[in-house]
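Following this line, the structures themselves.
Two complexes come next, and they have one chain in common, subunit A, joined by subunit B in the first and subunit C in the second.
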Partner chain A sequence: MNLKEKILADPEGKSLVNCFSCGMCTGGCPVARISDYNPRRIIHKVMLNMEPEDIWLCANCYTCEERCPTKTNVADLINLIRRITIKKDGMPEFIKPLVENLKTTGYTVQIGELENKRRERMNLPAVETTDEIKKIIQKTTLK
Partner chain B sequence: MKKYAYYLGCTIPFRESNYDLSTRKVMDNLDVELVDLEGAGCCGLYYEQINELTHLAMSARVISMAESLGLDLMVLCNGCNGSLVKARNKLVENSELRDKVNEILADIDREFRGTSEIKHVIRILYEDIGIDEIKKTVKNPLNVKVAAHYGCHLLKPSEQIKFDDPREPKSLDELIEVTGAKSVDYFDKNLCCGGFVLGADKDIAYNMTGQKLQNVKDVGADLMITACPFCHVMYDANQRAIENELQKKFGIPVLHYPQLLGLAMGFNARDLALEQNRVRVNPGIFDS
Partner chain C sequence: MKVFICDCNGEIDIPQNLDFGDGVVVKTSSKLCSEEGKELIANSIKKNEKIVIAGCTPRIAEKFFAEFNPEYVNIREHVAYPGHADGKIRDLIKGAVEKVRISDETSTGGFEIKNKSALIIGGGVAGLETARQVASAGFKTYLIEKEPFLGGTIAKLDRLYPEGMPNSHTLYPLINEVVRDKNIEILVNSELKEISGEIGNYRATIRTRGKVIEDCDLCGKCKEVCPVTVDDDGIERKAIYYRATHPDSYGIDFENCTGCGKCAKVCDKIKLDETEIELDVGSIILATGMKEYDARMIKEYGYGKYKNVFTKLEFERKFANRLINPKKVVIVLCAGSRDENHLPYCSRVCCLLGLKEAKLIKDTDPEVDVYVTYIDLRSYGDFENLYTTVRETCGVNFIQGRPSEIVEKGDKLLIRTEDILLGKTIELDTDSVVLITGSVPDYELLEKLGIPSDGEFPVDYVNSSLSVDSNPRGIFVCGAAAFPKPVAESISEARDVAVTVINLLNKERVDMKTPVADINGDICSEVGCKICLDICPSGAIYSDGGIKVDPSMCMGCGVCTAACASGANQLIGYDDKGLLAQIENTVKEGDILAFLCKWSSYNAADKAGYEKLKYPENTKIIRIPCTGRVDAQIILKAFSCGVKGILIAGCPPDGCHYVSGNLRAKKRILATKELVEQLGIAPDSLRIEWIGTEESKKLVDILNEMDKGGNQ
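Right after this comes the complex of A and B.
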């Protein structure tokens, strides 16, 4: 299956067919106004069976979905494109440390002694690490 | 007495504990009881882009902790709010998906049932407690001009979150004005802080944050108020770096909303850990 077929086969991807490329998403996009990033072009390229670019520049702010006159879930589609891309090509470098931290602490960051000492001085309860997230990640990524 | 399961997420205990402290102070003053969740971990937000099932299971795990206490879940972070609400909606609507997730949670002796609601602290203050009740606790009305920053996942996607109006929100403005402060309009008030693109492209993220700081400065606001720890990291902790990067000077103090409310309730700067805000806040500006 190509990218478009994979999107349409996913329950999250159904709204792709709503898009008529009007560009309302891009007109309101805070990233598009300061860079070459263009969500309209991402969706349009997928429909034309072309490889979309800049898929990691979406700020996930959902302004596009609020503006879209055809109820195309642009931001959710871009998340789906990211998931499909990761499955094929692996994770981009900047996400890897977050996942490593999740496995070792249960948080996206290395919460440890330093933070808990500060919290103790503030009379706040210590933050405990958990191995449950690691178990969830292992179980859900084996499939 | 109102009571909530209290969820911090990742950013708050790691670098924004002043948000945690000030929230506990104001909730105590409003007779709201908070129950800490031990080893609560991450809501799964980043897994929305990696693996849907992992995201749903991580969110369901956090929600199940509140469910086992029979309480609704109070969240302080917009990112957690969006991630948890979206996951909860999906799992409530789709029993097949719910069974799949519960099969994963069974391994860690947890179960998602869909009995607890997810509520952002701003929503709890605005809807569950209400402006009138909050007004009764204001002992020290503040005389400052404030720029409200709602952030994204407090309001959007609105079809999922169902709170306030994402185009013309008023909840945070009203919560600011009840403290005596003036909530000022500014250009692009509803724009995103850019925090989510920080990892992928620092220049874009810094430009987005810097643009808003400039807009806030242009209307002469004394300070900015956030409702999300990561927006706060962008505007406050990263403000100096953004000034250097963009060769501009902003000098805008940025407070978590409960810090502002706490000052109006009569707590002092130390009670609210204002000294931990990176851009120096001169407590004198709040005197009327």
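Right after this comes the complex of A and C.
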């Protein structure tokens, strides 16, 4: 099965065919605003059996999914594409440090002092690291 | 009972000594469709005899005998032409005779057209044109308008949509003709409160607020004292105001009037009291026009929050009155349309309205920068010229992409959208945004008139109300109330409806055609499952204490009869006992029984006859209105009579004459397959197929396959 077939065979991938390429996802995408990332193009390329690009740039904010007029689960689809890609080719090198962060701190992104100072200014509680994820990983077969 | 058998000028070999039991007289003819033949049948009808006509296909026979409502047997296309032996003729006629013998009365009654008058709701172009046509045919016509003035939406527009002519071109002459016609009674500030009765004899209760101010000299004193200021789609006015259409006086906007009575104090001609009248009419026409989707619902676009985000009507009125002077305008097409979160459908005219607004801006001030954003630009037919003009002559810029959000930045607006053709997100800053929203139906009035809408425009109802094969109900919808459409199309649809109304009012009586469903209230109330209520594709079944069928809405598919668990619901002409008797007397051990939809597959079988295609002689075909009529009871009966295969065939998905009867049939047959398998019958001997009128080859292939399968 190619990527498109795998997506359509997955219960989470059914909405792929809903997309009529209106661009509302990309228009509201915060990552697209600062880069060439384009979620609509990812969906469109998959539909045309082409290799999608930039699948690792999605920040999972779900704005695209919230606004999509055709109820295409854009963010979920991109996550699905990531899972399928990892199953096929393994984890890309640049993802590994993020996974390492997740294990040690409970977050993919490193939360440093700078971040917490900014949160303090916004009256948000400081983020503390957690070893919960580590425990889950140890108790499952995930390594 | 009489059986008329026609040999079609000797084309059919009719077996000798046909005898169909007690009380059945057989008459043969070689040209039953002649005047003499029809007279023979007419005489039988006069004697209240039930009749069966055997001869050519009902497709042809109905041209001659439809008024007699007989049971047809096709012994030409289905026996003689494919070269089958004449014993089949005896079986087919026997089945029809026993069906007719046991079936209940097939007459479904009718209605007298007592009131030679029409009520038209809505004084916009569609209503005005319908009134003009119906009244000019000599019928009394009542035209009611909710607002204080005639003209509807287009009276508010600077230009007509989508072509962009000033609205006066169409509106003024139309209003003049309507006002001049003595047959038309105009009631403004009037609404339909309720209706009762049926086709030809409706009683409508109309509520009228205030009275038209007689001999108003437009002095304007009333306006000056009125304390209520109204934002009328972008233009501020008082609750008492003047619009240059009709009547030529000040009028009160009762939607916003507080009833303070200050105007009546400065002018004794002003009356604020409410009156109710009852009108007896034969027909009702809904022509309430466009109603915009509420742009506030599209949160990302900030309408109602940002002062420079406008609806199309507001923008057009403000711009025409020089209340705004933007240097840059972005027109957003499909605002909330084709969107599962808002309106899932395309409102058809919005692209053209957007193009019209773009042109209007450029015509007024070519210096204004105009952008149009779109998903797909639908400038169908002749409207491509408008698109070309706007693009080439006016120099408007087009961006493919649906804006994701609009934010305010200082005194500018910022639109974030992808430019799909660039494959990049862009930010457009602008002075004004025009949201081109779609239209929504007037649910309240649709419900009052008993028109099923199912959350969308009543397209199916509109089609069936104008079609030749459905029973008339005398209630019609035209113009943008039926579906958003350009002004010119509204006017031509108004004429379609007017012709139908005139023909109806010219009749003394309309008889309901069969088949229609009928519910035995006694049996139904015992069970009360209400399954039929939800599955009727034309919304003809309603609950009124008991469950009832409105014969004028029933299209006669029989889906409800097949679904009825108690047998209370019977499709007149195709009732359970009739069909079961027909099956029992038609089939023999080892036959293949085909239930073919009269709209498609039955015609394919006729075509197979014309083409002399070979198919098994033991195929017996029963004509049904829709595959949705066939239920498990019918199938089990046929198997118990020893048939080796059953074919149910009808129109392809989305091509059903009754919207979804075929899909329901498919579900039902697949479930029945499981049932027959449990009874030890091969599930493959029960088949459901889509066979269109042209697909005789497909039909024959399937029948041959089924015949072979059964022999194994």
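As a convention for this text, the second predicted complex is superposed on the first by the 94 of 143 C-alpha atoms of A that agree within 3 Å, B and C clash if a C-alpha of one lies under 4 Å from a C-alpha of the other, contacts with A are read in each partner's own complex, and residues count from 1 in each chain.
By our rule, a contact is a pair of C-beta atoms (placed from the backbone, for glycine too) under 8 Å apart; a residue touches a chain by one contact, two chains touch by 3 or more.
For clarity, every value in this text was computed on a predicted model and none was experimentally measured.
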Query raised in the report: A:E132 contacts which: subunit B (first), subunit C (second), both, neither?
Result: first
Query raised in the report: Does subunit B (first) or subunit C (second) touch A:K88, or do both, or does neither?
Result: neither
Requested in this report: Give the label of whichever partner, subunit B or subunit C, reaches more residues of subunit A.
Outcome: B
Query - Touching partner for A:Y107 - first (subunit B), second (subunit C), both, neither - result: first
Query - Partner chain(s) touched by A:E115 [first = subunit B, second = subunit C, both, neither] - result: first
**Report entry** Interface residues of subunit A shared between complexes with subunit B and subunit C
**Finding:** 63
Requested in this report: Flag every residue of subunit C that touches subunit A in the complex, lowest number first.
Outcome: 300, 334, 338-342, 375-376, 400-405, 416-420, 423-425
Report task. Could you pull out which subunit B residues touch subunit A in their complex? Result -> 8, 10-11, 13-15, 17, 20-21, 24, 36, 38-42, 46, 48-54, 57-58, 61, 104-105, 107-108, 110, 152-153, 156-159, 166-167, 190-192, 194-197, 199-201, 204-205, 207-208, 211, 273
Report summary line: subunit C partner, complex, touching residues on subunit A are 20-29, 32-33, 36, 38, 40-41, 63, 67, 69-71
Report summary line: Interface with subunit B, subunit A side, in the complex: residues 12, 30-31, 34-35, 37, 56-63, 65-66, 73, 75-76, 79, 82-83, 86, 91-92, 94-95, 98-99, 102, 106-109, 111, 115, 118-119, 122, 124-125, 127-130, 132-133, 135-137, 139-141, 143
